[in-house]
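The first chain written gets the first letter, and so on, giving A, B, C, D and E; residue counts start at 1 in each chain.
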Amino acid sequence: QEALKELGKGEGELSIVAWAGYIERGDTDKNYDWVTGFEKETGCKVSVKTAATSDEMVALMNEGGFDLVTASGDASLRLVAGKRVQPINTDLIPSWKTVDKRLQDAPWYTVKGVHYGVPYVWGPNVLMYNTDVFKGKPPKSWNVVFEEMNLPDGKSNKGRVQAYDGPIHIADAANYLMFHKPELGIKSPYELNEDQYKAALDLLRVQRKLAGRYWHDAMIQVDDFKNEGVVASGSWPFQVNLLKSEKQPVASEFPEEGTTGWADTTMLHTESAHPNCAYMWMEHSLSAKVQGDVSAWFGANPSVAAACKGNELLTDEGCATNGYNDFDKIKFWRTPVAKCESQSECVPYHRWVSDYIGVIGGR
Amino acid sequence: MSAITGEQAILIEKPGLAGRISDFFWKHPHVFLAVMLAPPLLWLGIIYLGSLLALLLQSFFSIDDYSGLVNYEFTLSTYGQLLNEANLDIIIRTVSMAAIVTLFSALIAFPIAYYAARYARGKWKAIFYLGVMLPLWSSYLVKIYAWKLILAKEGILTWFLAKLNLLWLLDAWLSIPVIGGNSLSVSYTGTFIVFVYVWMPFMILPIQASLERVPANLIEASSDLGSTPQQTFRHVLFPLALPGIVAGSIFTFSLTLGDYIIPQIIGSSRLFIGQAVYAQQGTAGNIPLAAAFTVVPIVIMGLYLWMARKMGAFDAL
Amino acid sequence: MRSDRSTSAPPGLKIAAAGGLLFLHLPIMLIFLYAFTTEEKSYQFPPPGLTLQWFAVTWNRPDVWEALSLSVRVASIATAIALVLGTLCAAAVSQTRFFGRETISLLVILPIALPGIITGIALRSAFSMADIPFSIWTIVLGHATFCVVVVYNNAVARFRRVSGSLVEASMDLGANGLQTFRHVILPNISTALLAGGMLAFALSFDEVIVTTFTGGQQSTLPIWMLQELIRPRQRPVTNVVAMVVVLVTFLPILAAYYLTRDGDQIAGSGK
Amino acid sequence: MTAAVLFENVSRHFGAVRAVDAVDLAVAEGEFFAMLGPSGSGKTTCLRLMAGFEQPTHGHIEIFGETAEGVPPYRRNVNTVFQDYALFPHLSILDNVAYGLMVKGVVREERRKAAEDALAMVKLPGYGARRPGQLSGGQRQRVALARALVNKPKVLLLDEPLGALDLKLREQMQEELKTLQKSLGITFVFVTHDQGEALSMADRIAVFNDGKIQQLGTPEDVYKRPKTRFVADFVGSSNILQPEFVTQLGAGQQLASLRPEAIGLNSKKEGQLAVSGVVLSRSFLGASNRVTVNVGGTKLHVMSPASSPVPEEGSNVTLSFAPADLHLMETTP
Amino acid sequence: MTAAVLFENVSRHFGAVRAVDAVDLAVAEGEFFAMLGPSGSGKTTCLRLMAGFEQPTHGHIEIFGETAEGVPPYRRNVNTVFQDYALFPHLSILDNVAYGLMVKGVVREERRKAAEDALAMVKLPGYGARRPGQLSGGQRQRVALARALVNKPKVLLLDEPLGALDLKLREQMQEELKTLQKSLGITFVFVTHDQGEALSMADRIAVFNDGKIQQLGTPEDVYKRPKTRFVADFVGSSNILQPEFVTQLGAGQQLASLRPEAIGLNSKKEGQLAVSGVVLSRSFLGASNRVTVNVGGTKLHVMSPASSPVPEEGSNVTLSFAPADLHLMETTP
């Protein structure tokens, strides 16, 4: 499929598959609204379908009926391979040139030099913890969610930690092992041979004994921190910000092992019914104001450097807090494939899916 | 009234469309039957069963792991996948849960149905009926969330038990392996309680109906022949109420078998069949595996319905 | 049962029955309670304070009205379809004997006896195969399918009681098929249909699982609730909606009870 | 004169069951015709063939000379009083009675009037506003009658209309029905399994067994001159005498029937046949006593008037009867 | 001898309804005792008081000399044959019959044996494997009987056990029951609303009306010497003569009953009273003819034997009867 040659008039509608908190119209907090203005300006009425995992996003796009998706790195290339998204003509997006150079040709959305989207925001998976429990001794390592131990409040971490309910969490285990068991020779947490993979699963089995429940939905994790006595978990800055805004005793840490993370791309469906509105949104999404607002709201980093300065909501320290300068330490989500780069053969994603279900099920 | 009427014994055919249609159908009862049955049969037999068969067909396809697109070639590999250890766990977990939920639903429902059928009269009968129907029709989702509040670690049950100095009881329960856990809301116990709560009302009405159909004189006959009330219950009342219990259990069993919302909200993240289907279909986009998973409840419920029909449970539905 | 008129229930039974009903109702009380809480994000117990503000808030939320209106439309249409299909089926099964009657009652029961997720996913994949876009009609189609059975059950039970000789009596007195339907059958089954229709409506009104699969972007009330409950903004609003729905369904349920019960007496006197 | 109802070799089979089997009959106009027989003998099926609810498998049916096959019930000027009355529970008594006129399109006022007249005729004036549920069994029966008669049918079919009533009420209704039929002159076809009812009410009786007519004749014919053992046994109680027994009496070589009331106890008159035996048992029936006597191994019932003395059990008695009362029958049962 | 069942001033009220009202009765051991009365007269309630399903509101009940109040049915050695049999539909015939022994803990083999014997006794050997649904009415009735008898009750209660059977079967079962009772010697208390049944079977009859016993005596007592108009009317059909009519006959000044079969038609004998009248109608009843005669405004039924000639309708007849057959009664109905 060819990329769009020129822009026409808006079609009046636009539907987007997005992560929770990515597309806000002021419902939750009046100050966070980057949709209403866009609708007024372009006449494109925006509807949003939130998805909780990358797999869900791929499934929704496969099903069709949507224009745009804010796909993470573990979904984007699958969408390209499945011919669900179309090439983007960056010439039609004036703000393209303002995009962070680190992201402009990123491999998770650029195939053979063709861009299949525009970057949205990116960020790390942080370690969220309860400040009352950790009493001024923030956890420095992911070990609080991987190994049984007593927390600073004297009680065991058993039943009080959580992990992400998505197969990609295997990469977090691999990332932990990369640091603590260098002898396994893991080069990338997304490229694991059988032995490395098995070690990661073993680690996750230990974790299963510690975790009462896995978190699947950001909002439910927020609930669990409030009502279920959960005190530490891998999380997104979004939840951290939300809980802090409710005056809950939580904070987040960027542990010594480094973290996985996400760099999301706004991609356009092959059969989009509203391509003009979609291009208008992509342009809108790259404006420094929107980038700053999203970053502030979600706890992410903008893909446009200008957003780090002068945004009221993000403040001038915001980018630093959210890890803007740790770009290189973050291992962004990718889709594990059999033919991997770092070694001869890797365990492909479908095994991650079924094995992770097994691990959670107690296998 | 005159003695002998002047009219003909056989009246001439009535003119008019209605009359002619009536005559036609009267003369061709099979056509009439066909006309009556066509709409429901087209709907249920073609649309519904057709969709079901099409779904089953999908289970013989496979999915491309990387792109998530269905590969339309006949294969049994999806069934191979269905039978891997993790998925078997899911099936066993779900079926056991459905069985236990059904058993306890029957145990809790029976006294209510029994009282309503045999002792409640007049106003009380209406109160019992409403008492069963209201929970049945009040929002399923909101009820589940109410239970989340009750069962949460820092929830209402804990609050009450703390007031009563009974927290040790809860802790003792939660420390039991398998059914225990960190809190009720992340344990099988919690999932079980909510399942029973939500589906149990479906059990009451069929049991009540079948109990009401037991003629009073059978109870008297039993007593007359020397049965104590307990013996009468065991030898007469219970066997005769059994079709009602089976009818009710069609609901409790099937609804538990397919639900994916309850175990996701109240549970330990271990999947149930409904969640697996939902995840494979919606999250992973693996329609063939989802379809293969649905075969499990279809087969189970097929057998169940067959047995229920033999027991005459359909009349009690 | 007459024998029990003079005796009263054993205390153990009374306790078990009362306990069972309490178990059914306490959580519902809780739903009511939290419709009045002053706290909006998550529920703490006991509620920090009580307020009536959520009723006004609910009233002013357009998304509630949209979902409600969609739910009412879906349930009405699904009920109407179920009434037609269920009555036809019940009439065919109970007024005539033919090969395969048993199979038909099985077929009608199947959509409710199989888990909703199967109905949902089967219809969804059929829609996508047939390239039918999601709309209110796809939701209706799913709901009508499993609503047929409640109408069918009510109608079959009534047909069984309306003695077959009534139809013959009518024809004997000179009424043709249509007149017999209009003057004898319809009046005698109407209360059963009303009761069945109400149950069908309630079933559709509260259905989440099938709707999840057969609905596209539209949200019915339960789907709206699911989203609201997961994303806590003004959670008490969901409780207000749930409570109002319970209170509003109270009357039809009571009516259905009295209608079918009186129907017993009316139709039974034909014997 | 054309028959009101004519059956020519009519059969109605349900699968292997021959509910009605090659029946010939002709009901005369204005006649009170009874169909009598045990349960399952095909009486109701015959009636339903007349009403049009069943179609014959073979044979031909005429109603007042017109072919009836293929004519739906609602186009036959024949009405039925159903065993369970089949009153419409949702309609008032008046609307029940006016139903036939309503569906024929008679205007409201007129049919109201006719229905009230019909109710008066069955002695239920002023009951029009009630519902069927508010009437007693006997009253319902009369409403069912009025509902049929208001249509002025050429033939009225009654399927055990008195079966559900208790003894006293049944006797009273029997009388009323008979009077009504006489005054209206309508042809009545009446189904019953109560032989007393058939005998006392009918002009002619068809006795059914196994889908076949065993005998068709006046009550006296049927009672006094039963053609077959079945009829003798079913209509009234009868002593069935085996051919050997009859031979011994020197009265013939066939199966014979002897009515219990035709036998005298210790009161032989001239010209009577006599046998002796031992009293086995006796029971008091009010108006009479039934005495069972063992005559050389054959058990004979004797009905003796209450006014006569009753012999003791075990005593020897002489039984006597007029040869004419010994009725010979076809030997095949 | 202690009575098998003794009622002393027993009442059972349901709210305002006096189902049983101050009843005194004593059923002798080994007796065949019938309770006869119209629907709603309290027969069943009496039976239920004996069985223990009801408790008396007032009064005292004894069974074989032991106080019965407060003793539950399952601890009374009294068994019931229910009107609709109340067989357990989920059990085989054999298990139905063996039920009473099973709950008493009799071992399997033994109760099997006893049940088979009981089935043989009611002439249903080999039916044990069937279900109640597979039997005819008469067979079910016998199973119900066997199920009760297998427990060897001291008193057997039967609530209209033959009500649902048709005439022929009823007559046959009456005989069987009577024979059985004689051979077993068990006390039978039998409820019926069929006077013929009560007269022919019972040793003594209690006639109920409105919860009260109207008369208690042998069948002959009750039939020939009815104490009240109600009994005269209910037991057999009777001509009730008003005091004025009786006065005219010069036979007294009370209400009197005259049995139709006690009246002669045109056959006045010496010492008989006679009146004349006009024949209104006649009907053939098989064994006899019923002739209705108008005697100066009073309608009299005459039952005349089939052998006598039947006068034409409208003809004048003389009715004659022995003064002894004119039975004077209490004037209060």
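Basically, a contact is a pair of C-beta atoms (placed from the backbone, for glycine too) under 8 Å apart; a residue touches a chain by one contact, two chains touch by 3 or more.
Predicted model only: the values in this text are computed from it and were never measured.
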Taking a step as a move to a touching chain, how many steps at least join chain C to chain D? 1
Going by the contact rule set out at the top, which chains touch both chain B and chain D? C, E
Would you identify the chain whose Cα-based centre sits farthest away from the centre of chain D? A
Among the chains in this structure, which pair is joined by the largest number of C-beta pairs in contact? B-C
In whole angstrom, what separates the CA-based centres of chain A and chain D? 91
Approximate Å spacing (C-alpha centroids) for the pair chain A, chain C: 41
Taking each chain's centre as the mean position of its Cα atoms, how many Å separate chain B from chain C? 14
Using the touch definition from the top, which residues of chain C touch two or more other chains? 3, 174, 176, 179
Mind pulling the chain E residues that touch 2 or more other chains? 53
Of all the residues in chain A, which ones touch at least 2 other chains? 63, 220, 226-227
In their shared complex, at which residues does chain D touch chain E? 38-39, 166-168, 171, 178, 193-196, 199-201, 219-220, 223-224, 233-237, 259-262, 283-288, 290, 303, 305-307
Sites on chain E touched by chain B in the complex: 51-53, 72-75, 78-80, 82, 84, 86-90, 99-100, 102-104, 147-148, 151
Chain D touches which residues of chain B in the complex? 1-5, 7-14, 22-23, 26-27
Note: in the complex, chain A contacts chain C through residues 15, 20, 27-28, 47, 49, 63, 65, 217, 219-220, 222-223, 226-227, 246
Would you tell me which residues of chain C are touching chain B in their complex? 1-5, 8-10, 13-14, 16-17, 20-21, 23-25, 27-28, 30-31, 34, 43, 45-46, 84-86, 88-89, 91-92, 96, 98, 102, 104-119, 121-126, 129, 141, 144-145, 148, 153, 174, 176-179, 202, 206, 208-209, 213, 222, 225-226, 229, 238-239, 241-242, 245-246, 249-250, 253-254, 257-258
